[in-house]
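Shared between the two complexes below is subunit A, which pairs with subunit B and subunit C, respectively.
And now, the complex of A and B:
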């Protein structure tokens, strides 16, 4: 058995016996082979001293059991790291930020407490996955859609608390935005309901978000302030129809109008799903050193030649894809309206893509361009960069860098150039590079996926590039909306206004709400008081034997 | 000069000299006649010992001045009550919860720091009113709308922090929902920027809401955790057209389908503005004791006779009004689509109402049914229940009771009966009684406006009724979304799950973030530690001479 840092072996042995009598010995995992399942298979620290390794894992089945486990951890000041179900690949999986933390695995708390069709909401526990909720809705024949991320094994609660996102419409596609009401177990085992849930017999816990007085829910996302044991989610009535199409513009400088109009359509609510802006010319430019140089410099002459190059390729410089959900007549007239807004851009082209009417069978849905965009969870987007039949030789997963940039043509150009330059100069290996995409209502996010490997030198280089990107992005005013556990301090440090006033405030609240500092030490840069100023607090004190580094990496 | 409680006269005199040297003596109001302008003209405690009276008032002109004033208050542990501009009539105006608090009046901080047309947002200070922002947009000819509450003198920041609402579309009409990013001065004078504002040179402070790590913004609404000195707001591009219409259904039990379909249209985003459900039969039933009795009992026989009564009056039992904003073709097809959803309700009627194309001149806008619904601030809805040419004899304002109920026909019937019964049995005087209305996306709110007077006995009776309503509503699982300063403890007490766990948590955070307990003592039931358990802490220690009770009541 591995021991957590800062706890004596005799105390921990006593705590383990209390855990066992509290939830049953079969749900206290102390065997290293069991606990290794909680390692991050995509870790960019794999096998190094800094790799994040849990000590043991606990799997309670109810909020009451969570309360009693937290009370024990609080008594012995044992670091504990709650996870829900599924794994947020590319952001750290279920491995704790502080090596040696006890993983509190909430997967057994998988009750769907209520799905209300008339008021279109669900109340669930952390172990409920997108698959679970989708299947429940299908079995009951409810006229509701869910909004899911990729992949579908994730927890609604976990994804929402990580500020995860999906692909249908506002407000559902921002998973924290679409939640309403929480139940939270605090570090000392006390239990709180937020929003209207604080009213006994509450009738609008999942319907009215703000409750009475200061709103607490924000505190429990991307943080370490409590263990969320129930959460409400708004669901969408199933739409009748869907259509998608793209708008293509021919010249370098058309990006400004393309993005300006897209943004206006979004803020107007006419577009209420994701859209992005990509360059069909990107590949051809990347293959041509002269054009790449011109693209990065982009003076007047360069732009003229780039436009000619695009014309000679008969390829649009930029394109955006749009999606519409709703009644057939509104979907179609919205797309026609959106097309017309771009009509003043010389040479603009349109392409109609999918046009679907619901309900569709599961088999039909799985044959569409992307079922995730139609509220159907899947594992289609999965294992990016991992060893597989398609990537047998190679790498062991991915690592996401995801800065947020303004929804302007200028930011599209600038962020592309700045990040590409860092990658080219430092030689990073990427498995994907998603161009600016509106995962959120009013901004673009760029997603760069680095490959991770089992080779420490390669990973070290990747970490170096990642940190440089965080720094360069911050200099441009762009920050990450979430990050991998390995870089939580780095990203937090970028948010440095007034001597890191925000982090200092978060630490003040952390010390008040979790005074013994037991929950998820280090998460999003927030360390508990008793080790906050300790050098090397993020470095492992636990070694994993080499033969444990096997293939159990999903 | 009046002195705040818990501060020695000599300390306060020293503090006042420091205030004066910090912001200039002309902005330190110590004269009682000046300070009385901050009394709540609509107070249901007017002239009684419990009336909430400020000691002095301070009017800084910048965040830096707020920082230095807060540092002084913190040093001397002086209770301070920040207000923005305008007055939230019916909810307590600018008078502090704790009598003797120093009002921190932010009206001079009225800079519109940025209005960005392409990304449709504004960054403002607390003294910026809806009129100010509207006028700025008109003068610059920007293609943007604001969403305003009634009346338009209010502060965007103050209204948003009170969870105020407006009348255009989601997400703009929920004023806290529509904000993005804050700057906050803490009790000790430190200054924090939330969300992406924590990045120096942030490029998406007003565009990406959540920032990195736990989201702090919720803490500063309906609370006393800091002084918000800047805040971003999302704005809507100006729509091209508007239409409105109503759906009427004939029978008592039709309310269920009427509300079910309305809710579905809202969750689908086809309806994205306010709608309510009212009974055109309400007046006729109220005038007829037999029918009123049948309405409240509502057994099968009663409902049959009520339906006959409605038929003989040729009056629909229920009606809902809907509004649509957007391109002409989408507005019209949405309204036609919505109509069709109700077609299965036997005898349903439809009425087309306004149909408008924008831009319209200001004069034309002021002749529409309600300019507030078209993003034009005004004072049209104002002085409800106050003495005026229309109400010369009478009362002195109103007091709002505003519980949130589910968006179901059952809740419409039940809440109506329960609240009407309390009012009838206790004999309350109301100036308005707004039937269930979706001020928020997924719930109905009921608004009962009591008259307030200058007669203490009448007011005392009103307070008794108000408290009974809070209690009865809570028994049914309905809580207030905001409340008057006189009832903040009463409403907070209703949110009592797990021995008031939510309030206890809020108190824990309050003690951490404002350890000397200086900001807005008692706001939303949160009292600072040093007087939390003091009996009678909410009762005045300051007397106002009778001749000061004049007419300066707006």
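And now, the complex of A and C:
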């Protein structure tokens, strides 16, 4: 058995016996082979000193069991790291930030407590996945849609607590924004309900978000202030129809109008889903060193030549894809209305894409361009980094660098130039590169996916580039919306206004709410007081047994 | 170690756990819950199938359920270790009993 840092062996042995009597020995995983299943399968630290390894794992099946486990952890000051479905691949998987933490695996708490069709909401436990909720709604024939992230096996609670996102309509696609009401177990085992849930016999816990007094829910996302045991989510009534199409503009400088109008359509609620801006010329430019140089410099002369280059390729410089959900008449007329807004851009082209009427059978939905955009969970996104002709050796996963930039043409150009330059100069090993996309309502997020390997030198280099990107992005005023556990301190440090006043406030709250500092130490850069100033606190004190070193993959 | 060598070696070993007979009907449920989203027929939407079609190029089926050479030992090895972008599964997801049944379901009936 491995031991957590800062806890004596005899105390930990006693605690383990108490865990066992509280939830049953079967659900206390102390065997190293069992605990290794909690390693981050996509870890960019794999097999190195700094890799984040849990000591043991606990799997309670009710909020009451969570309460009793937390009380034990609090008594012995044992670091504990809750996960819901633990599928946060690309951002840390099911491994803790602080090596040696005990993982509190909530997968077994998988009850769908209520799905209300009339008021369109669900109340779920942490182990409920998007697949589970989707299947439940289908089996019951409810007239509701869920909004899911690309991978269907994650949880509504884990995903939203990390500010995860999906692809249907506002406000459902920003998953934390779509939640309403929480139940949270605190470090000492106390249990609270937020919003209207604080009212015994509350009748509007999942309908009225703010409750009475200060709104507390924000404290529990991207943080380490409690263990969420229930959460409500707003769902969308199933729309009648969907259509999508793209707008393409021909010149470099057209990006400004393209983005300005897109943003206006979004803020007016006419466009109510994600949209992005990409360059169909990107590949041709990247293949041509002269054009790449001109693209990165972009003076007047360069732009004239780049426009000429695009014209000779008969390829638009930029394009944006739009999606509409709602009644047939409304989606069709919204798309026509949106097209008209771009009519003044010289040479603009439009392309109608999908036009669908619901309900559709599951088989039909799986034939569409992207079922996730139609509220159908799947795993098709794992084609990213998969073995293929382009990538015969495959990858061991990816790591996402995801800064938030303004929704302006200028930011699209500038962020692209700046990030591409860092990647080119440092030789970044990327598996995908999602151009500016409105994962959130009023901003673009850029997503650079680095390949993760089982080779420590390659991963070390990737980490170096990642850190440089965090730094350079911050100099331009762009911060990450979410990050991998390996970079939590780096990203937190970038949010440094007034001598890191925000982090200092978060630390003050941490010390008050979790005074013994046991929950998810280090998450989002928030460390408990007793190890806040310890050098190398994030680094392993635990070694993986010899045969497990290197590639545990086949 | 090459993939085919691994298959050969594992086909020859038999450990005590797998001497027990798994419940194939339950194994199918486990498969449908945890595996078919990546391993069902249709490479476009199923990354497991797509990768295995790429690896075997017609020499074996890319669909796990159609394979004739899987054994419970092999299934267990991949499920508990993962391979490439397929992560391992924890015991709260697939218990040892589930794994035994899954192995029985994916192995050709003897």
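As a convention for this text, the second predicted complex is superposed on the first by the 536 of 554 C-alpha atoms of A that agree within 3 Å, B and C clash if a C-alpha of one lies under 4 Å from a C-alpha of the other, contacts with A are read in each partner's own complex, and residues count from 1 in each chain.
Just so we're on the same page, contacts are C-beta pairs under 8 Å (C-beta built on N, C-alpha and C of every residue); 3 or more make two chains touch, one makes a residue touch a chain.
Computed from a predicted model, the values in this text were never measured in an experiment.
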Exercise. So, A:283: does it touch subunit B (first), subunit C (second), both, or neither?
Worked result: neither
For this session: Please indicate which partner A:362 is in contact with in the superposed arrangement: first for subunit B, second for subunit C, both, or neither.
Result: neither
Exercise. Taking the superposition as given, does A:199 touch the first partner, subunit B, the second, subunit C, both, or neither?
Worked result: first
Problem set entry | Which superposed partner A:442 touches (first subunit B, second subunit C, both, neither) | first
Exercise. After lining up the shared chain so the two structures overlap, which partner does A:498 touch, if you call subunit B first and subunit C second: first, second, both or neither?
Worked result: first
For this session: Return first, second, both or neither, reflecting whether A:327 touches subunit B, subunit C, both chains, or no partner chain.
Result: first
Problem set entry | Superposition-derived comparison: subunit B or subunit C, residues of subunit A touched | B
Seminar exercise, completed: So the subunit A residues that subunit B and subunit C both touch are none
Seminar exercise, completed: subunit C contacts subunit A in the complex at 1, 3, 6, 37-38, 42, 44-47, 50-51, 54-55, 77-78, 80-85, 87-93
Seminar exercise, completed: Listed in rising order, the residues of subunit B that touch subunit A in the complex are 118-121, 163, 169-171, 176-177, 180, 186, 190-194, 196-204, 207-223, 225, 234-237, 239, 260, 263-264, 267-270, 272, 326-327, 329-330, 333-334, 337, 404-408, 411, 440-443, 474-483, 491-492, 494-498, 500-506, 508-509, 511-513, 524-526
Exercise. Of all residues in subunit A, which touch subunit C in the complex?
Worked result: 27, 29, 33-34, 37-38, 41-42, 57, 59, 86-87, 89, 93-94, 105, 107-108, 131, 152-153, 366, 371, 378-380, 382-389, 392, 394-397, 552-554
